[in-house]
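Several structures are given next for inspection.
Two complexes, one shared chain (subunit A), two partners (subunit B, subunit C).
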Partner chain A sequence: MTTTSGPLATRRLILQGAASVALLGLGNLPFAPAHAAANDKYPEEAFKQKNEADAIKALYGRNAEPSNKVKLDAPEIAENGGVVPVSVTTTLDKVSSISFFVTENPFALAASYKIAEGTIPGVANRLKMAKTTKLVAIVEADGKLYSATKEVKVTVGGCGG
Partner chain B sequence: MAIRRRDFLKSAGLAAASLGLPRLARGTETAGIYDLERFGNARILHITDTHAQLNPVYFREPSVNIGIGEMAGRPPHLVGRAFLDRFGIRPDSADAYAFTCLEFDKSAGRFGKLGGFAHLKTLVDRLRGEVGEKRSLLVDGGDLWQGTGLANVMQGRDMVEVANLLGIEAMTGHWEFTYGEQVLRDNLERFKGEFLAQNVFLTEEAAFNDAPAFDKATGRVFKPSVIKEIGGHRIAIVGQAFPYVPIAHPKRFTPDWTFGIREEELQKHVDGLRGTDKVDAVILLSHNGMDVDLKLASRVTGIDVILGGHTHDAVPQPMPVKNAGGTTLVTNAGSNGKFLAVLDLAIDKGKVGDVRYHLLPVYSELLKPDPAMAELIGRLRAPHVTDWSEKIATPDRLLYRRGNFSGPVDELICTALRAELDAEIALSPGFRWGITALSGQPLTMEDLLAETAITYPETYVQEMTGAQIKDVLEDVCDNLFNADPYYQQGGDMVRTGGLSYTCTPTGAIGGRISELKLNSGKALSAGHRYKVAGWASVNGQQGAPVWDVVGKYLRSGRMFQERLGSGVTLRGVENNPGIAGQG
Partner chain C sequence: MASSIRVRATSNGDITEVQALIQHPMDTGLVKDPKGEVIPAHYIQQLTFECNGKDVFVADWGTAVSKDPYVKFSFKGAKKGDDLKISWTDNKGASDTTTAKIA
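Up next, the complex of A and B:
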């Protein structure tokens, strides 16, 4: 289990419409709606991979190129590593899937969303991160893969000036 | 202590700046230190990080303030002689005493204490009176309500009264949040100015549960900015609270709020002020810390000046930073009431033409205390003065706190924690507030509270493995020395007692701390469990407040029992001018 999403949070997301494409899997984001882009099957193998490269390979079978059209929003320093708010929006056309990878987690693939044709390509989630990690978002658009990366620091806290 | 007026008049080395171009020491030796040349049509006065120090204090600036990466060797990461050289301040002058650590012992006797709100009030009124009605504004950058025993027992109410009398018109916050939401809101009810914070939002849960917010649509908890008409022009002041409140402090104080730098929200807001409200100038009143402000200034457009705080850097000149929209000036105005920043703006329609900036040391011996403020301070302190006037020790050396790794105040706290709680190792937070006490002068309970007064003072003793201890040190060290300022939190390194180590500030996260050794000389073992004492934990603790523990230790007549010194060996920063005597 690499993501968490409480019922209240999920309801809030519905109200905001921020996670409109993720609604198939209310409260159980990593399991129910997570389809690999290329087919409709649950990507069991991809979720089992420990490192990011293997997970990307298992899910997509190819690599992504960094793109400033993928806007990944996450805090620089997490307020609570147990529920780190992350979101992706993009100006890319023909988006068919969006996925999150947390490099330092035991299993790198945290969530993968299939984006139905004609919906606004934006997803938001909360991810659990045990320690400081690289966060990678991949957007599949028009058959190509694009990525954005951000470091999220998870700290023991304290000692403010 | 004799007032040596001549010492002051000779020095007068106050640095001024015009859009970053150094106009260094003013030559005229006879000019009054506070006689400023008139300039522009709007004057903004800025104080920050006063930490509730109502009366004048001694406060020694750091001898170690290392900058890493792009921050290496640039203000604010200059200390001692390198600082004097950079800003053209004459050694041995009053300003050298106010701005640096050099010969602090000697100069403290010559130039006396700095700050104090009654003295500050006199200076503020004079500088506002000079420019006339509706031509000035007084703002506070936060950490106004915390730092003394009085502020702690009154939960900041004392400082609200003082702020109202001083005439603070806008403020933002940091430690203000550590009193919790209810106290914060009660205090703000009484505060006559505006509390501004563009970067504090309701959590989604709190928003769903209809928690109070300034703007339900955006989830902003507080008003983000205020527009003031000064000198016939409209100036927007935007508030930027400390971005990492729920991380640096116990989350229980602010369960419904989420913070962060919020660069995009800030840009959008500034764009609105420029585009929709058509303001003539935009000022960011920031508690980000100077490194964060310097980075932010390079990325966010439309801000004329960032009036900064948090990192307690007394920087005499604004730093100009280029960005896609032009140039933003970044300042930082020191701490503990030592300084009053004066920003004079020449504003035309829709733009700031030029500025003059002065960071004036508040020399208490040159300023007559304002009677009304002195009376208020006396009234606020009266119920507690007797209790806290007990002399608990006479230090045999200068006690100061500031410094990246340690200082005698925290060495003393660590020594006391280890002795009283029978622990091998002690940890003490790297706060940057807290007064300096002179050698041979009586230390009172009020002084001790000025080093320790927080809302989570409970001590603890717990077992930690050597690996866990190293992880804590690495974690805090990254908060201080991450090459990207947005990943820094401000504050200094956690202090250690009974444990020495080597630090390589230029290292990567997790790789800066090595050679950990107990006092016995034995290496710290990763798997072994050690008894560790500490205080100010972000997790709830049950032990006695730290001031009681340290007070008990000092009353027993003990002071330092170990050799003086931080126990930290530095590596890889040999020529860094952020270390006194180097660079």
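Up next, the complex of A and C:
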């Protein structure tokens, strides 16, 4: 019996370790979704959401409707998923924010821009894409959300080393 | 040390066009180095453009923004010679600030 207590004790220790890790994981769960789009704080919770719907909910707290007034420009085929040039312009009035969601990425929300009064509602930037994905741009205008969607084929993913 | 931020702000009548390029690794925390160890997440979270005491453009970024990020936008209400202040902070608490003259 004494010979088997060694490995057993080790196994128990490992299990305890796993349990405490699980507890730590729980501690990081979002407590309350912060609708940070309206203020200046960094929307930490929205950036932690894995899928697009949850990220939109965490960022804005409501749904977007597709609109042809939002123009999303992205390449149809991106050779390098690490650097994909993406831009949005819109003819909508009273735009207060523009956000980009890459649905197949580990975390859907890529970037969110606050547009002040007097700033032209449009932005160009470069994003990473893990694989071929749907790209969604959301424009917040006069309190409503409008979206545009585009499929981007990625030949080399942007997450590998 | 040279600034991590390179900015070009050009005035064209009423509209000022701003292009900014920042040197930053933008590590996702999901990539492993050649030894198989995870490179911890290190990315810019917030980037602010301020002109005449007003935030004209604020970017909130996640890890999906490309390494050495680039951003371009335009705004109204500034003229040639005005100062444009650009600052960023990352998830490790580091930050940098620079001021550019609108040309």
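Here is the rule we use: the second predicted complex is superposed on the first by the 119 of 161 C-alpha atoms of A that agree within 3 Å, B and C clash if a C-alpha of one lies under 4 Å from a C-alpha of the other, contacts with A are read in each partner's own complex, and residues count from 1 in each chain.
Definition applied: a contact is a pair of C-beta atoms (placed from the backbone, for glycine too) under 8 Å apart; a residue touches a chain by one contact, two chains touch by 3 or more.
Small disclaimer: the values here were computed from a predicted structure and weren't measured.
Visitor: Looking at A:66 after the superposition, I want to know if it touches subunit B, subunit C, both of them or none. Which is it: first, second, both, neither?
Guide: Neither: A:66 stays clear of subunit B and subunit C.
Visitor: Looking at subunit A, which partner touches more of its residues: subunit C or subunit B?
Guide: C
Visitor: Return first, second, both or neither, reflecting whether A:155 touches subunit B, subunit C, both chains, or no partner chain.
Guide: Only subunit B is touched by A:155; subunit C is not.
Visitor: So, A:128: does it touch subunit B (first), subunit C (second), both, or neither?
Guide: So A:128 only meets subunit C here.
Visitor: One more residue to check, A:143. First (subunit B), second (subunit C), both or neither?
Guide: In the superposed model, A:143 contacts neither subunit B nor subunit C.
Visitor: Going by the contact rule set out at the top, does A:77 touch subunit B (first), subunit C (second), both, or neither?
Guide: A:77 sits against subunit B, while subunit C stays out of touch.
Visitor: Which parts of subunit A are touched by subunit B and by subunit C alike?
Guide: 158-161
Visitor: List the residues on subunit B that touch subunit A in their complex, please.
Guide: Touch residues, subunit B against subunit A: 174, 204-205, 207-209, 242, 244-249, 251, 258-261, 289, 310-312, 429-433, 471-472, 475-476, 478-479, 482, 484, 486-487, 489-492, 494, 509, 536-538.
Visitor: Residue numbers of subunit C touching subunit A in their complex, please.
Guide: Those residues of subunit C that touch subunit A are 15, 28, 30-34, 39, 45-46, 54-67, 69-77.
Visitor: Spell out the part of subunit A that touches subunit C in their complex, as residue ranges.
Guide: Result: residues 36, 40, 42-43, 47, 82-84, 87, 102, 105-107, 109-116, 118-120, 122-129, 158-161 of subunit A touch subunit C.
Visitor: For subunit A, which residues count as touching subunit B in their complex?
Guide: So the residues of subunit A in touch with subunit B come to 6, 8-9, 11-13, 15, 75-80, 85, 132, 151, 153, 155-161.
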